[in-house]
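Structures incoming, each one as structure tokens.
Two complexes come next, and they have one chain in common, subunit A, joined by subunit B in the first and subunit C in the second.
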Partner chain A sequence: MRAQPALRTRNVGKRYREAWALRDCTLELPPGRVSALVGPNGAGKTTLLRLSVGLLTPTVGSVEVFGESPTTNSVRALSRIGFLAQDHPLYRQFTVADLLRFGRSCNVRFDHELAARRLTQLGISLDARAGALSGGQQSQVALALALAKRPNLLVLDEPMSSLDPLARQEFQQTLMGAVADGELTVLFSSHAVHELERVCDHLVVINHGQVVLSGDIDSLLAEHRLLVGPRIETDPRGSRSVVEVKHSDRHSTLLVRQGAAAIMPGWQANPVGLEELVLAYLRRPVDLEAGSHKEPA
Partner chain B sequence: MTWMMWRQHRSEALALAIFVGVVAMVLFILGRPMHALFPLGSAHCLAPPLDQACRSALVRLQQDYGYSTAVLILLNFAPYAISGFLGAPLLARELEAGTWQLVWTQAVPRRRWLAFKVVALGTVSVLLAAGLSAVIGWYRRPLDLLGGGFDITGFDLTGVAPMAYTLFAFALSVAAGAVLRRSLPAAAGAFVVFLAMRFTVAGWIRPHFVTPVTRVEAFVPGSGDITDGTSNVQDMILDQGFIDAGGRHITGLGAVIMEGKAREGGGDPTTYLHDHGIQRWVVYQPIERYWTFQLIETVTFVGLAVLLLALVFWRIRRSAF
Partner chain C sequence: MFHFRLDTSSGVPPYLQLVQQVQQAVLLGFLQPGDRLPLIREVVESLAINPNTVAKAYRQLEQGDLVTGRPGHGTFVNDTLPAAVPPATYTSLRHGLQTWLRRAYAAGLDDHAIAALFSSVHHQTKTKTKRKTA
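Our next item is the complex of A and B:
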């Protein structure tokens, strides 16, 4: 028996007028984990996140959060979801206390005390106007609002992209503290791949509006190997286990999945770093992704 | 939610309440001396025969309060001023600031959120319009003696129609905000459409709500002068002129020439017209139909408002913002 996934999408697609922002996206997020959604700009990250919190309705396919469709926009479904949109929008004319009151008046279970305490600890005055706070403080207020809802799934869209390094670190600390406190599943999007290993344990990579890689970071790293050997002239990319091929003058480097398989003599297998792995998948042209959704074992 | 509404819209609501209050006060100050001209009430001077007091009061009303027409015409913008301020930012401001993503992921389904906002702000708009309409109704009562029962200095400012216009302007501003996604363009766009709609209905459609009354009257020889229009200045005259002995209608320039001919001899023109078998002819909407017309116009604009709001609700359900 597997635990019910926190988020499950099946063949989800979203079309804006003529263009598909997201196509045939199937993925499952394990509960109680921190998952990162990685992809270049315009890959469909924001669309996927908005679909998962019910802000958008999929054109095709289905989305479920703990078995319930967020598209229904029911009080129950909304109560389980916390969302922090890109650039952490807040009512700028409101004071922080006003924002907390807003949260309390619009939610069934809202931990006003906790949010107020957290913000006070961070040195954010409840009487300050949201518009007058720094970017880092605004993001903290937005995060406190989302956490005070006591969501089961917290979705954050590029939460740290606009923050300076110090604010970024503080934000991560708050987030990780909340994850440690309770049953919280987190999904956040990012394009800062190098930071991911520290904060998340599950990875979803999307490109050209499709999921190209999804799985636990540890097992993804264990499954992939960099094979270095004498230069080969054939293009082995037709094989499904080969992710990427690079040639130098005398050598070829292959990034392969199924690293446990026996390798040819004269070849050497090396482990691959997370950033390298992600970039290799992002570099793959769109035609190679068609119908290649691989679920981790 | 109630607190949230108040917190978010209190500045506009207060500004509008002050606006309506100031307009009401100005109208009260301007209207008191006007009402004082008719110590027995202006209705006393409506039906002939008019006594001396009425006649002199009427002259003074025309001389001293002619500016009131301009004031009243300006007040036609009030329904838009009231509800555009509340309606245009309702969705557009959330979309501009990105806060739609904040508020629609709280545990209030967004259609409920929208319904709450529309009902609350729509009610505020209509109540403010009702207050203004009541004050204007009082202010312009003496001006009934000068006409305006069906035009934009009377009909459009009194009764229940102004509330319907306000609701329409509100729905229009909300819808414009949903489509244009920015408060200012939404307010401007809604203003243009509001004016176009109001002009079309008031100018072209209203005269034909109900088949007008046609009255043909023979001239009484020796009655003095050619009387204009109908017996009540409040009626809406659509067309008037003469009918000659052959039953042909004479209107416009033909009627002016006919009147000139009748006056040519210097005698009583009615005798001339009577002798030539010419009759007075007038097509009009009598003031007795005021409430029927108010009802038709109210239903029209409330219907349009409901249609627009339904579109907004439909749009927000799928939400491709």
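Our next item is the complex of A and C:
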């Protein structure tokens, strides 16, 4: 039996006035996994994350978190979801202890002990005012608050973008430790593609409001190959399995899906790295006519 | 306790890096039968790595009969291992390969050519050696 997805979106579109921020987005996140959401600025990442946690309602389509819509405002559905907005906002005048007390009074599930212990381990005083903490410490406080809910789905919007390398690592340690404790699915957006392989096992790439690639990272890497061979004159882009073609004077490089495809004599098949793969999909022109929710002219 | 490393610029998937480090350590005798691998939680804490990746590496090592997981106790190195290669032999093989690679680069071969040459010779030699030993 297949486990129920932590997050499932079906043909989700979100329109702000005239513009579609997200179109025809269908995806599933398997439970217990750590998924990265990647795409350029303005691709619709934040919109997708806010739809996932019920802060936005889709214009069309449906969003389900463990089988329930996050916008029904049922306490049960919302208590399973944790959300960390960009720049980890905290009440700056509150002490860390105040924030924990506030978290406990606002949530049906709140593991005060867990949060206090973790922050003490990190050398963060519970008496300190949030505004006086360093960026790295503020991110740890915000993460501790989100994890204290013991959510089953934790959604983070560019959680590490403002952190220095050491603070990033500490943040990742806390986050990965929480995943190791079980029953937690993570979805976070990031621009740092080079460091995703360490912490993620699932990937969602969006561009121009559409999902262009999604799946298990190891499977995606295994399915793609870079074929290098003598320059070809025909344009193979019509073939669905060809993701990208590059020509040099005498040779051509093709990024193809379905690596097991027969290789022409004289051609070499090489594995492709994650960053290379993501960039190739982002460079691909998006068929803006393909969305099913296009307004009639 | 065995320590893992992670090189995110190597292009080798993280789970495979963990698998290869255990294989190599067993080969060199740094890990011996009965030794316990670090708990998944310990690897996660030290490398800031995804626990699913560590679990996948350990599963693969189990499937390769290199280790056995005992629920609640940990993952242990099996005692039915192929004889460890003496470190000196390993070092000398490594050195030989380095010398060969330097010659190949000096001769003007690029990475693709070297990989192509290696995989074709590897394939031929493996087939011949197997026929001989059969």
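In the analysis below, the second predicted complex is superposed on the first by the 287 of 297 C-alpha atoms of A that agree within 3 Å, B and C clash if a C-alpha of one lies under 4 Å from a C-alpha of the other, contacts with A are read in each partner's own complex, and residues count from 1 in each chain.
Keep in mind that, in the parts below, a contact is a pair of C-beta atoms (placed from the backbone, for glycine too) under 8 Å apart; a residue touches a chain by one contact, two chains touch by 3 or more.
Not measured: the values here are computed from a predicted model.
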item: Joint occupancy of subunit A by subunit B and subunit C, clash or fit; value: fit
item: In the superposition, subunit B vs subunit C on subunit A residues touched; value: B
item: First, second, both or neither for A:Lys149, with subunit B first and subunit C second; value: first
item: Subunit B versus subunit C as contact partner of A:Pro31, first or second or both or neither; value: neither
item: Which of subunit B and subunit C A:Pro271 touches, first, second, both or neither; value: second
item: Which of subunit B and subunit C A:Val53 touches, first, second, both or neither; value: first
item: First (subunit B), second (subunit C), both or neither touched by A:Gln169; value: second
item: Touched partner set for A:Cys200, first subunit B, second subunit C, both or neither; value: second
item: Which superposed partner A:Ile81 touches (first subunit B, second subunit C, both, neither); value: first
item: First (subunit B), second (subunit C), both or neither touched by A:Ser105; value: first
item: Minimum C-alpha spacing, chains overlaid - subunit B and subunit C, in Å; value: 25
item: Shared subunit A contacts, counted only where both subunit B and subunit C touch the same residue; value: none
item: Residues of subunit A defined as touching subunit C within the complex; value: 32-34, 169-170, 172-173, 176-177, 179-180, 194-195, 197-201, 217-218, 221, 228, 268, 270-271, 273
item: Residues on subunit C engaged by subunit A in the complex (per definition of touch); value: 6, 8-9, 11, 13-15, 40-41, 44-45, 47-53, 56, 112, 115-116
item: Residues of subunit B defined as touching subunit A within the complex; value: 1-4, 7-8, 97-111, 317-321
item: Contacting residues of subunit A [partner subunit B, same complex]; value: 16, 50, 53-57, 73-75, 78-79, 81-83, 85-87, 89-92, 94, 98, 101-103, 105-108, 142, 145, 149
